[in-house]
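Here it is, the structure in full.
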Amino acid sequence: MTCKAEHYMTGETAWCPGCGNFAIREALAGALAELGLAPHQVLLVSGIGQAAKIPHYIGVNGFNGLHGRALPPAIGAKVANTDLKVIVESGDGDSYGEGGNHFMHNIRRNPDIAHFVHDNQVYGLTKGQASPTSEPGMKTGVQVEGVMVSPLNPLSLALVMGAGFVARCFSGEKDHLKATMKEAINFPGYALIDILQPCVSFNKINTHGWYKNRVYFPEIQAPQDWTAAMDLSRQWGDQIPLGIFYNKPHRTFEESRAALKGEPLSFRPFNPEELSSLQNDFL
Amino acid sequence: MTCKAEHYMTGETAWCPGCGNFAIREALAGALAELGLAPHQVLLVSGIGQAAKIPHYIGVNGFNGLHGRALPPAIGAKVANTDLKVIVESGDGDSYGEGGNHFMHNIRRNPDIAHFVHDNQVYGLTKGQASPTSEPGMKTGVQVEGVMVSPLNPLSLALVMGAGFVARCFSGEKDHLKATMKEAINFPGYALIDILQPCVSFNKINTHGWYKNRVYFPEIQAPQDWTAAMDLSRQWGDQIPLGIFYNKPHRTFEESRAALKGEPLSFRPFNPEELSSLQNDFL
Amino acid sequence: MEVNVLIGGAAGQGMETIMNLLGKALVKEGFGLIYTKDYMSRVRGGHNFTRLRIAPGHPWTTLESIDVLVALNEETYLRHSDHLTPTGRVIYDPQLFNLPEGESRGVPVELKKLAEEAGGRVMANTVAVGALLVLMGLETSTVEELLKDTFAVKEGVAEKNITALKAGYDSAARSCSACFELPSKNQDGEKLFIDGNQVLGMAALASGCRFLSAYPMTPATGIMNYLAAKSLDYPVVVEQAEDEIAAINMALGASYSGVRAMTCTSGGGFSLMAEGVSLAGMTETPLVIVVAMRPGPATGLPTRTEQSDLEFILHSGHGEFPRAVLSATSHEDAFYRLNKAFELADRYQTPVFFLSDQNFADTHRSVGLYDFSRLGYNRALAAEGDFEKPYKRYRITDSGISPRILPGQYEGEVVLIDSDEHDEKGNIIEDAYTRRAMVDKRMRKLKGLAEEMDEPDLYGDPHPEVLLIGWGSTYGVIREAVDALIARGIKTAMLHFSDLWPLPQKRLRSLLAEVDHSCCIENNAGGQLSRLIRRESGLSIDNNILKYDGRPFLPNEIVKEVQNDL
Amino acid sequence: MEVNVLIGGAAGQGMETIMNLLGKALVKEGFGLIYTKDYMSRVRGGHNFTRLRIAPGHPWTTLESIDVLVALNEETYLRHSDHLTPTGRVIYDPQLFNLPEGESRGVPVELKKLAEEAGGRVMANTVAVGALLVLMGLETSTVEELLKDTFAVKEGVAEKNITALKAGYDSAARSCSACFELPSKNQDGEKLFIDGNQVLGMAALASGCRFLSAYPMTPATGIMNYLAAKSLDYPVVVEQAEDEIAAINMALGASYSGVRAMTCTSGGGFSLMAEGVSLAGMTETPLVIVVAMRPGPATGLPTRTEQSDLEFILHSGHGEFPRAVLSATSHEDAFYRLNKAFELADRYQTPVFFLSDQNFADTHRSVGLYDFSRLGYNRALAAEGDFEKPYKRYRITDSGISPRILPGQYEGEVVLIDSDEHDEKGNIIEDAYTRRAMVDKRMRKLKGLAEEMDEPDLYGDPHPEVLLIGWGSTYGVIREAVDALIARGIKTAMLHFSDLWPLPQKRLRSLLAEVDHSCCIENNAGGQLSRLIRRESGLSIDNNILKYDGRPFLPNEIVKEVQNDL
């Protein structure tokens, strides 16, 4: 049973009119529909934030967890049921700030999970504090003199940690986003899309127009060239490249675990009595 | 009052005979002595692990905190007293594993702190589990099939996060280590030295000999060249370069905070009564 | 003789700014009032509302009943008109929606149109406030002044708002006149119009807090905002941490190295701090932790209120160590009490908790000026000569408190603190004897702390038959309930705890022995104070009145429940 | 009729391996024994020792008094010779140190030299064990067999150790003969020689646990090691998380998506899990959390024992939600009880804690075979037809338990869980009515859980005058104390809690009403169970015997204290 894009869109959203989140949601719904994934086959995991409300607005399995903690349950869920298509979707604060340690270390694990970050360069839900990707100088209620630290570059970071699929998209380029999401979902291993997303309520710097004027689609010769990918990932400012900068699978978490071959663990039968020979170790 | 190197070495160590930690301790004592820093002027902050016992063995001010949490108190301590020379010293598990999020985000802050990581590529104190820098394939009581994930590269990571001072040393090259420590301590801003350190008890792969056969001192033309530094940081295997790969100061955390100019906050006098005009905001 | 206003609409309609100005203006004029917020965990849309109650003296709570309903959208009218008094009024925009047939209480004002004419739709609220002033028989002048002050730097904004205000005023004045009698103005001097988070932020700054490390979390963020704004002019550093673990550990570093430091958060963020709390206990590092509670578990109801983290906070952090737990009861008291938290933290070298909640944090009230000379700034550091050399951070003493110096303070002396069990110098130990001595030393501080605790506040009938017990932000509402019960002839008193741990028991024990009926009133499902009382005193409270739907108590809810019990 | 051995030396001298083999060999031969460890938080050096007690039946504790002291270095002799019985023996290496003049109990064996001759210094322990066998009048054969088994894959290691063993045996046999009478062998069938962590690891695997995510932390790491080793042959995934926050959240993800999952840690790591516990409560996700306690606060004494996290665990995680807390009392019981934890977690869809401590975790005992057919594997999932469609994860029911299905299990049905307050479908809500309904629903589970709790174990005099109350790993030692007190004519019984929350009170209440004197015995400074009992029942325990120096109780300590009290 698969559906049309509209059918994936459930619930009444609580986002602000004009927000980039809407386009991301539509792109995701479109990607799922075009991939022919039925709702029960997909699991959407998120943390807390505006972006992280997405499991309430896409009618697949959902785990709306804690702020910063979207990746760990996603890995666990994948271990239990390798048949699930697991997608993690959350905000920049959630993914790179509170959740930074999981971000780094899960890239190393390389689970077969697609990670879509709504990067609005601000903490939306808590009303506009700086996020790890905020532009230096951005003033907020907490950063009263403006952001003083250099922004975290999620794509460079992912590359350095060994990610096999690294892409940048923009919510204002919905078709490109949808196409990239499909590739990320199909990629065998951890796939990151950092999605530039205007926040009309709190980010007055990186507006839709600001992004629109800067994004471009570079021709990417070989998305297997790490150095070229690193260069692209570091481009920011007047010209912001979009696209899949790196795409090179390597052994996944699931492949490296003997126990994960075969039927999903969740559905394998079990009878404790059969394990009584475990005691032999202690005789 | 300054001292000779020996005078900084206090307490009876609980390390294993033959461990690389001893040389690191001596290098640090030597660096402090040669810099003419008196014990009360220095603060050594650590987490938990074998390396993290160092504040008990160097007679300066010490904050032996929680596992993974050496950097945050170091920042706080520096805010309170900018006159202190703050050094963070801890293990690879502590700094890059449990403490990974602080590692990333403190590099962005760029506090004037030197960070020395005893990188033995293993969890020593808890008896030999994999650390984030363990070699793939290393077998342990928990990684029974061998480490399956790609190691975290602390220097590349630091570069991507914008660190101004990035170096690799080896406990078996003590003079170089001492000299590099002095530079790191004097560097205005966050300075990382990842120190390769044999663990004779648990790391049977990266032994003293293993490192000794591989390390070399490349000629570094311009430690202000980020790409060159990134290249050096990524060299690993048969040839492991040592040295200061990157050295380029930028605005520090302390410089960016108006309140931190002048006398250390800790020693400024205060009288609550003088603040009663704060109420005017609410009249 | 009192007026209750509710103004409701969608998030992001800018209600807050103008209502804050109105509140301030009214307080400036001498009115006593309270102003509360009910908002959703979203940025735009949904249904938010605020309540304003102007009543004789300085009212403690807002009420359910509404005299003026300002309905910025139809939903507001539909949700709240049930509570509109028969003689009430509805300010609404006839271009947006119509009132139902037969609704005679409407005061139509073309909010949107007038706002647009004044310069922008967002000023619809300002127009509404203009209309509101008419109904209350007030002039626009004070609000105008404040608009000028507030928007002094943003060119044109004040003027546009004044135009909007006046347009609303004039429009309403055409269709009606003053229909509510305001209480008489108070003659008790200048008053502040301030919310709980601001009280705490100001108290922290005035207590000499020089470092706040925190991670944004509703409803605690206001404290961070306050101190951040002040960091431009005062020697305080506010650092947004990468997570709450960093927040508490940063604060501990700052405290160790010499400043008064604080962190603030809500339940979820606090959960992440538990290990740091334990570190504070072990290293004997002063720290003030403000927890602004909201309904849990997990993310719960982020913008609503609850008192459900008391037991968690009493036991948070692994292992055993002394702590003190204080709470925010009233705006009047909380200012001094947060100062007390800083004083205790320094004197006892241990973590001190200060429990707030959304109800306290987001509520504005008219309160008297604070006496800053009552604030303490006793760092309790050892003077030269008052400590042995070489310095021993954990010298064993009768009080359990070791003389404290700062790193870098004395040439030749170093300060070593340790999260492992340690000896007097701070070095790791493992032997049973030292371990026991150190546990005993730390635990002895509890004795001193117990003597510092204020007995709970007693209010009401001097010879009560019914005793209502509460803690924290329920102070005002229980107090109003007591007044109401007394008015109904029930001899009632309230025993309200500000200091919670170590639990002060004298007054409690003597009162429980006297009264016929005791009742503990808490914004949680477990009756946590009630359980604590039984654990500590062995005495059982007769009944618990518990509310855990995310909303604060209303006085009449308490009155009704108490009457049912009797 | 019993023999108490202490073998001591520096960390890293390899004592453990050989003592494990010796223990196993003795159990194989039919002896009942207990083997405990006292080790420092370091890898080499310092002073570590293990105790072995061979006594009639299956002894519950090791004792202070020593019959054979194996002193691998002089420090061991100096520290422990005070407790050597007059007829005791000291095995020592005369090349390493000399016994003081007048010490006639020495059995000199050239441990180092013989070990080097056999192939390496590390085998000094093996030499010592050879000597020990002589003193106990045993042959080397069983140990030899085990050496062959254990080192089957490591070429030459077994042979070298056998040489060392025999050399020690021969050397001791030259200077002395059997001087201790062993108890008679038990005739009660095959016994396991197993430590607490192994019991728990095996119980988890046999309960169908398929995912353990954890971060190494003493004394819980042994559980991780056990399951990791088994992951080569059984369908269980063990993942070393980047931190404890990841550990618990991973486990929750795995549980949500369908497997029995567990995490294990000690106090500090558990502190970091508090928010995840709250998430389990809110999302109603089954989870078993094993906390192996050690002395806190903070890093405390990493390799030692304490029972100080009970209150923290009872209240850990912000907000209010149901949980169950069970504990490890004896090796016999813990196996089934951890299975019960899994069963309760699945049936009540909530976090279940299992409290262990270093004392339990690291102690080996001779215990009977387990009956695996007693283990449950009831996943309590709703069958097709037993749930409404579309599926509602949080359907409100009388028991508070909603029918549960797994994501991906049924075509067309999705499972949504949420950390915010939510409606039956799992979608965020903010209204008061739904909130209240959901809190009530979750809290109703406590009623069911309360009925699942086992009453505490009663042992001793059927009509006691003195009641000793305990929980967790003190089971054995209190039991031995009861025997000793009864032997002295004091009518004593023990009431020992395995299941702690919801606290079972029936037996407690009736016994407290009967006895003259009650006493709660805990390895902590606060008397935490004692406080819990008062909070829940209003009943006060007369006296607490508390020990918090990181060491387990000895039976005679309890006996003495109880006698003092009377």
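The first chain written gets the first letter, and so on, giving A, B, C and D; residue counts start at 1 in each chain.
Basically, a contact is a pair of C-beta atoms (placed from the backbone, for glycine too) under 8 Å apart; a residue touches a chain by one contact, two chains touch by 3 or more.
Here the structure is a predicted model, which is why all the values come from computation and not from measurement.
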What is the chain whose Cα centroid lies farthest from the Cα centroid of subunit C?
D
Report the inter-centroid distance (CA atoms only) between subunit A and subunit B in whole Å.
31
Here the gap between subunit B and subunit D, centre to centre from mean Cα coordinates and rounded to Å, is 37
How many angstrom lie between the CA centroids of subunit B and subunit C, rounded to a whole number?
41
Multi-chain contacts only, two chains or more: what residues does subunit C have there?
40-41, 46, 231-232, 242-243, 245, 268, 275, 279, 283, 298-299, 302, 418-420, 428
In subunit A, residues with contacts to at least two other chains:
14, 48, 66, 97-98, 100-101, 104-105, 132, 145, 257-258
Could you classify the connectivity of these chains, where an edge means two chains touch, as line, ring, star, complete or other?
complete
Which of the residues in subunit C end up touching subunit A in this complex?
12, 40-46, 215-218, 221, 224-225, 228-229, 231-232, 238, 240, 242-243, 268, 298-299, 302
So in the complex, which bits of subunit D are touching subunit C?
40-41, 46, 245, 266-268, 270-272, 274-275, 277-279, 281-283, 293, 295-304, 306, 308-309, 311-312, 314-321, 418-421, 428, 430, 432-433, 435-436, 439, 443, 524-526, 531-532, 534-535, 538, 540, 548-551
Residues on subunit B engaged by subunit A in the complex (per definition of touch)
97, 100-101, 104-105, 108-110, 132, 145, 148-153, 156-157, 159-162, 230, 251, 253, 256-258
For the subunit C and subunit B complex, residues of the former touching the latter
24, 28, 190, 192-194, 198, 202, 205-208, 210-211, 213, 230-232, 234-237, 239, 241-243, 245-247, 249-259, 261, 275-276, 279, 283, 339, 369-370, 372-373, 375-377, 406-420, 426-428
Would you mind writing out the residues of subunit A in touch with subunit C in their complex?
14-17, 48, 50, 66-68, 97-98, 100, 123-127, 129-130, 132, 141-145, 201-202
